[in-house]
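Heads up, the next two complexes both have chain A, just with different partners, chain B and then chain C.
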Partner chain A sequence: MLDAGLCNYVLVSYGHNGRSSDSFLRMMADMGGDDQVFGHFGAASCYALAARRAMHTFRTGPETWKHIAVGQRKWANLNPRAMFQRQPMSLDDYYNSRMTVEPFRLFDNCLISDGGRAYIVTSAERARDLRHPPVLIMGTGQHNPASDLQTADFMTGSTGAKKAAERAFAVAGIGLGDIDACEIYDCFTYTVEITLQDYGFFGPGEGEEWFKGGTIEPGGRMPVNTSGGLLSEAYFMGLTPLTEAVMQLMGRCGERQLGPQTNTRTPQIILCSDNGGILQTHACHILRRA
Partner chain B sequence: MSYDKPLPVKNPDTAAFWEGCRQHELRFEQCGQCGYIRWPPAMLCPRCHSRQAERIVSGGRGTVFTYVVYRETPHPAFRGDLPYVVALVELEEGPRLLTNIVGCLPEQVRCDMPVVVAWEDVAEEVSLPKFRPAF
Partner chain C sequence: MGTKDKYAIVGVGYTPQGSVRGRTTLSFHLEACANAIEDAGLTGKDIDGLICYRHFPAATGEPDVTPYLVAQYLGLDPAHLSQDAN
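And then the complex of A and B:
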């Protein structure tokens, strides 16, 4: 639309009182249809079905997911906007959180939040003399293997992430090795694992090895979800990861800013994801510092 | 005591399936042109777009494709069932049904475990296809 001259600025916003009202839970319950007959409700239980099949298909489970939950919480502890800023999480805390819908524990689940996020897209030319340094879109890709859960053969990969990323990287003209950090849609811990796996950071079942040792944490070699993400900052759909990528590239992230102060690379390029349904839609964006 | 859990809401796509359940039959529509079994039900074949369809009845045997164990539930009527198992069962004929696994402990359920339909008559005109381990 910007390129075609149909508009000069696009405002993308999201706001919700999901925590203080019951609207989010009601929306989830209404999605269920006849699944409710069998006591099946909401998104967590559907992602748990995918995660359980993944545990059967390749090596994964709480041993892998704990690194995601705990690693992201360390970022949230540096973020004054995070709902969990003041609450650290140890590996024991992860294991001791109550089982909700097995194989998920409470800390495998994202938050429900009150609040919102917004960003503005304009032309690179117009952005040049704005007050803050602009962030450029290098590449973007979508792949939506949408179908009903009953016919989903993609729940253990490849999800839409694989083809979406192939397109985004082809447009950007770069490779995985050029990525400094990732902001991944993390409705559940498993979503982070399957997305990074489909992006090619590691092979099926190699996630535990890849995550362990603080890979995604402050000081790690591939920071992931540096605000705390949907798991530990706040749930604003795909805007939580995307706005964090923009703020990091602008250098506006305070204590959690990527670079020398968190013992990480100063980011030039950040990889972002968004996904919808039960791994049924996927968008991948590659952003860079101007 | 009256049944206080949600009941199926029949629509033009699903009415034939639930009507079959009432007779303890798992009825599906098989494409008259390419043989694909349409589940979830659909007016057109998602593979070849044909409208032709023939009814088949599943033998009621399959395997657990995947499952979860509810340790908590948002619906009060299911609280007495905790912990309970929700699964996708892949029938021998192909379709995957969302259902419950009954007749064993949640800890005994495994992916790819053989199961067989276990009908539960929950209301005068409603029977639900649940599944139990096949021995």
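And then the complex of A and C:
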């Protein structure tokens, strides 16, 4: 809309009363077919299928995912908006949370939230005169391997993340080494692993080694999902990660602000993702401080 | 490859979140949008494009939220509306 010269200020909006209404129940009720009879329905069971396949294909599982769940919770504990602000999570808490759909435990699943989120995009020139330091869009890319999960060859990577990121990085003219933090669409812990893996942070099966030791936590070398994310802040689809990147780059994140106070790099460039369906659509954005 | 650094995000709108009973999906859209406009230091008159993000089915008794509906309730008059797919 902006690049075609059609608009000057574009507002992007999301809202849902998913936690307190029957919206999800209605969605489930609309699903039909033999799979449902055997308990295979909804996003959780489909992502669980992908995660189980990944456990077969390369070295992953709860030993990897626990670092994601626990690491993101530490960020949520610093975020007054987070649904889990007041509930710390230990590694034992992770293992003790009940199985929902194997191999996922409760804490591998994202939240269901009431609420909304919105942001505004404009040209870099117009942005200069506004209230906050603008956050520039360095590069953006999409890739959408939109086949059914049952026939998909992308469950264990490459998902759409790989080509989407290649495009975004090509536009931005930078590399992975320039990224200070990541805000990754995290409908499930496995989604974070496969996305970062497809982005090239580590190879298949190297996730546990990469995540362990607090890599993504406050004080870590690559902070990930610094609001707590969909797992521990609140679920507003791709707007939870994207708006958090914006607020971090504007320097408006209070106690969880990246920089000296959380013993992390002051962020210049943040990498963001969103994916939809069951890994069938992917968008990657690279944002920077002006 | 011509879009590098040409566009910027300039405002973010939040709402109460978590378990917030008695609210419609539309009401969260409206509050988030109004807060984003204010956060950027703009007014509704400035907004000439509106995108509703991909979304879930409406709850019983609620309308499916479209950008047209959001614009109408906010009193916006955008030149372009778009609805993202799920």
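Everything that follows uses one rule, which is that the second predicted complex is superposed on the first by the 283 of 290 C-alpha atoms of A that agree within 3 Å, B and C clash if a C-alpha of one lies under 4 Å from a C-alpha of the other, contacts with A are read in each partner's own complex, and residues count from 1 in each chain.
The definition used in the following text is that a residue touches a chain if its C-beta (ideal position, glycine included) is under 8 Å from a C-beta of that chain, and two chains touch if they have at least 3 such contacts.
Bear in mind the structure is a predicted one, so any value in this text is a computation, not a measurement.
Following the overlay on chain A, a side-by-side fit with no clash is recorded for the pair chain B and chain C. In the superposition on chain A, A:Leu176 contacts neither chain B nor chain C.
Applying the stated contact rule after C-alpha superposition, one finds that A:Leu91 touches neither chain B nor chain C. Once the two complexes are overlaid on the shared chain, A:Gly39 sits against chain B while remaining clear of chain C.
Rounded to the nearest 10, the superposed model shows the Cα centres of chain B and chain C diverging by 100 degrees about the centre of chain A.
Of the two partner chains, chain B is the only one touched by A:Asp148; chain C is not.
Of the two partner chains placed by the overlay, only chain C lies in contact with A:Tyr14; chain B stays clear of it.
Touch criterion met: A:Gly115 reaches chain C, while chain B stays clear of it.
Residue by residue along chain A, chain B and chain C are tallied for touches, and C comes out ahead. Remark: least CA distance from chain B to chain C after fitting both complexes onto chain A is 18 Å. No residue of chain A lies at the contact with chain B in one complex and also at the contact with chain C in the other. Contacts from chain B toward chain A in the complex involve residues 5-9, 14, 39-40, 65-75, 78, 81, 83-84, 86, 88, 95-100, 106, 110-112, 128, 130. On the chain A side of its complex with chain C, the touching residues are 1-3, 6-24, 26-27, 30, 81, 83, 113-124, 126-127, 130-132, 134-140, 170-173, 234, 236-239, 242-243, 246-247, 276-277, 281, 287-288, 290. The touching residues of chain A, when paired with chain B in their complex, are 25, 29, 33-42, 45, 48-50, 52-53, 55-56, 98-103, 148-151, 155. The touching residues of chain C, counted against chain A in their complex, run 1, 3-33, 35-37, 39-42, 46-60, 62, 65, 67, 70, 76, 78-80, 82, 85-86.
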